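Common to both upcoming complexes is subunit A, partnered first by subunit B, then by subunit C.
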Partner chain A sequence: MDIGVQDVVQSIINGLCMGGTYVLIGLGLTLILGIMNILQFAHGEVYMIGAFTVYFLCVLQGLNLYLAVLISMVTTAVLGLILERVFLRPLKGRFLSYVCVTTGLSLILQTVVMLMFSKGTKQLPSLWKGSFDLAGVFISRERVIAIVMALLLTLALYTFLKRTKYGLAMIASAQHREGALMQGINPNVMSAMVVAIGSGLAAVGGALGGSIFNLDPYMGGLAFMKGITLIVIGGLGSIPGAVAGGLILGIVESVLALFFGSQMGIILPLVLVIVFLIFRPKGLFGHD
Partner chain B sequence: MLLEVKDLWVRYGGAEVLKGVSLEVEEGSVVSLLGANGAGKSTTLRAITGLVVPSSGEIWFDGERIDGESPARIVSRGIRHVLEGRGLFPYMSVLENLKVGAYLVKDKAQVQRALEDIFTHFPVLKERRNQQARTLSGGEQQMLTIARALMGCPRLLLLDEPSLGLSPMMVREIGKMIRNVHERGVTVLLVEQNTRLALDVADTCYVLETGSVAACGLTRELMKSDLVRRAYLGL
Partner chain C sequence: MTERTPSFSRSKGLKPAVVGVVFLLILALPWMLRAGLGAGKGTYWTHIFILIAVMILAASSMRAIFRTGEMSLGTAGFMLVGGYAAALLTTKGGLSPWLTIFLGGLVAAGIAALVAYPFFRVKGIYFVICTLLLGFILLYLAGYLDWLTGGWQGFQFYGVSPKITIGSHTITFGTKTNLEYYYLMVVVVGLCLFILYRMEHSRVGLVWRSIREADELAKSVGVNVTAHKMFIFIVACFFTGLAGGLYAFHVHALSPTSTPANVFHFFTSIYCLLYMVVGGAESFFGPLIGTTVFMVLRELGREVDEYWPLIAGAVLIVIVFFMPRGLVALPDYVPAWYRTVRRLLRGKEVGRKTD
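And now, the complex of A and B:
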């Protein structure tokens, strides 16, 4: 089998692109876990609903794709707010309850979406058709756009966290819960914000994934697994960790798939999780 | 009376940690709460700021009843609690810790002024402002956590064992800091195992023994009683 430069470059771009979608789902997951101590098992479904909302707005209602993504980001963030207020806040910190409720929610959401939309594979229109020609190597435009979008959103999140009062309060809440309370920070406000932001980001991730690949109501499960892998690799609650974890996962998956076939995509995350948990449980950028 | 605790009972699981504790803190004063380990001193402070919910009893601040309110609500009334163990945000910088201390302050100019004020009074913190809080020495961390509480311009400052783990020289510095804070008009309720420090700074003292108030009164009066001095103050 002849693998040329073209294949490797495309594979890396592909990996960065997939990595970008993993980062978008992983950021929300890691922040929610770091700040609220909840593993949000329905977060993959939030990602999926984000994608299906874009499908509904763009393919079924004829809106411009980018506008649909923007709207979906907002509506999915609102969905996150509702989920937090109705399903998570009443549980008052009982970890096992969170696991049960969010797992149940994930099943319900999958079924609802499956019933609402007809059978058959669906796809979103391309973000940007065609490819760039870089010294003879063809690079898909839509993948580059996806990478850029993921990068911009991550930077926006980082800026929010480091430069606004609420962002700093969120980081503080993750580092010392009582210390944060003693500065007058309302934990319910923090929870609502982090779930809303995480959900909005996941929605864009879903839209990017749905544009480049297919949509289906069960796409959330795999996405969730990638998100978990990313947290283990990158470190809990860490933004740089989530970015590093996502990109590493994406690129390694893609390059290995080039040489060894696409089963790598399923096996690799699991292997990485095991390796990291044994040798570096706190992840690349994690604390304690 | 700025703060009144009336017949406070706190139960953890089956144990009674506070059994009918009452105390009063006058505005502008420094009050010390003394006692051995496990006497219930920290629990009293935690009940005041809502980290612990009382089983019964009342807590009044500035004429309003505050027991049962959420910690964030109580803090917004002008009470700051410097936690036992400092409660710093370890991976945030000194500056970021201070900024979070001003979370409730709406006026940005006021936050700037408070920051400059802190840096003038605590030059070490200014020097280390971009360092992560966990890299500071014990004494510097204590300074930071008190400074952070001051960023919120509190009326009442609760200090939980500020001298813990500090050298005698640092303890004297803490004493100076407390007197300084007092001079600015902040009322202080100090919990301490270090009797020397507590008596040095306080006008009034309460002594807790296994969840109840065993003795209380003006510091100078307590010092006059041989019994009190020997039994409770270890002097």
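And now, the complex of A and C:
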């Protein structure tokens, strides 16, 4: 097969757009890991539920797509709040329990969604039909929307963290839990906020991913893997790292898929993560 | 980081009478099943108990790693390596299944040995991530290397079974009645569990415990923490690979597909974790009881199989919240609950929880 420059540019742009959805999953995971020091195994399922909520509202109830995304973001954030309060907060500091409870949750959420929706392929309507044609490189408009939304939300999150009292409190809590506690920052409030925000972002990620791929109750597993991959590459707990990691992952994946087939596009990034974890555990942007 | 370890009354020693009865029950099980359910269903249930033995070995290996405080979710991946290595060495390499099942374990241990040192540079949740990703990589590789493994279609090798010839009489482990394979599993898994049990109750088991309770402190008194973790990781992966090989020669069909029904899929690692925690991660018998109870219940509830992950997840969460010591500690929990309920009924304030 002949691979020209155009193909490479095309796949880089596609990868960049895919990276946008990955960023939205990764942001939640990285925030939760940074502040609560747990790996949210059910985060992929939160993403999946976000996508299915949009499907339910938009396709089954006929709501406006963008309104549906907004509602899905809010309901998923509330779901996150409930999960944090009921399941995660009582377990403070027990590593095995966290792993068990979050994996248990992911099994439950998967099955609930699988039972609620009938089998068969489901897809969300396109956010913006058609594609741009830039000198032979085609960019589908929904992918442009995906990356624009991802960047806007990241920017909003970043502003929130750097410019508001609660955001600063959250950063403080992530940097030094006890120190933040002594400044009167309630770690429980921080945990609740971080899970809610992370879940809301994942829901948008689900909506964007769902308009590119088919919906399926097991879609969260792969999304979760992408999330882990990008936060390790970018640096655990770092927001610029998550963005850079997501975009790098998207590009690497799609370029590798172009040259070596889509399976290698999945395997090699995972190898990369292990290499990163071992030789540079703080990632590209981490500090520790 | 670790769970509090209550002193465990039943771990002081096993009563020989109890061991004997359980052993006899295990030996008589397939015959009891055949007598109770008829030959057809009895054979099917023997098959289920063979799978239970496979998962017991995998879950016990996972628990062995957990003795040092690290959690490996690479179980499914190492089972895949063991299974594929055993099957391929027999069908393409022409070696005897007896040798290849063992070699399958060794190949899994070899991969574990390659990754153990780098992996143990990180710990806690980062080690979990490493092993989790390794499991996925192995699964995808099995599909990707289609010249070796038969690719995504999977790999079947019906009719190849371990055999013993004594004089003119040949015993095939893999007949339609499943009986021979069941006894093979009893012997092999029993031996592996015995080794794991002896290791845990030896000096090295105490060292693992010291690493789990306080790794820095253990290091300060001269324990080579990384070496011990690597050692048990490699040994446990050997047993996991062995479980995979035993599984391969029972079902004779291996697949690298990423559907939850595939035994080499990541879900198996999750289920091993579940069996271990539900049975009781503190006790050696936890994974044994957890696996048996869970898999038998699942088999009994085949009609509601699509709800199964829901039930499993819910049970896991309930156990973590209300019975952190698992099913093995049920005899201790029930009186405590009884006292609480009685106190509540009398209208008194409920005191501190007993654990």
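The criterion applied here is as follows: the second predicted complex is superposed on the first by the 283 of 288 C-alpha atoms of A that agree within 3 Å, B and C clash if a C-alpha of one lies under 4 Å from a C-alpha of the other, contacts with A are read in each partner's own complex, and residues count from 1 in each chain.
The working rule: a contact is a pair of C-beta atoms (placed from the backbone, for glycine too) under 8 Å apart; a residue touches a chain by one contact, two chains touch by 3 or more.
Model, not experiment: these values are computed from the prediction.
By the touch criterion defined above, A:L270 lies against subunit C but remains apart from subunit B after alignment on the C-alpha atoms of chain A. Legend: residue contacts after superposition of the two complexes on their common chain; A:L60 is shown touching neither subunit B nor subunit C.
By the touch criterion defined above, A:V112 lies against subunit C but remains apart from subunit B after alignment on the C-alpha atoms of chain A. More residues of subunit A are in touch with C than with the other of subunit B and subunit C. In the superposition on chain A, A:I3 makes contact with neither subunit B nor subunit C.
By the touch criterion defined above, A:T103 reaches subunit C but does not reach subunit B. By the touch criterion defined above, A:V78 lies against neither subunit B nor subunit C after alignment on the C-alpha atoms of chain A.
In the superposition on chain A, A:I171 contacts subunit B only, with no contact to subunit C. The intersection of subunit A residues touching subunit B with those touching subunit C, taken from the two complexes, is empty. Those residues of subunit B that touch subunit A in the complex are listed here as 49, 51, 70-72, 75-76, 80-83, 86-92, 96, 99-101, 103-104, 148-149, 152. Of all the residues in subunit C, the ones that touch subunit A in their complex are 1-3, 66, 71, 115, 118-119, 121-122, 124-126, 128-130, 132-134, 136-137, 140-141, 143-144, 260, 266, 270, 273-274, 277, 281, 306-310, 312-314, 316-317, 319-321, 324. Residue ranges on subunit A touching subunit B, taken from their complex, read 165, 168-169, 171-172, 175-176, 178-187, 287. The part of subunit A that touches subunit C in the complex is made up of residues 33, 37-39, 87, 90-91, 93-97, 99-101, 103-108, 110-112, 114-115, 218, 221, 225, 228-229, 232, 263-264, 266-267, 270-271, 273-274, 277-278, 281.
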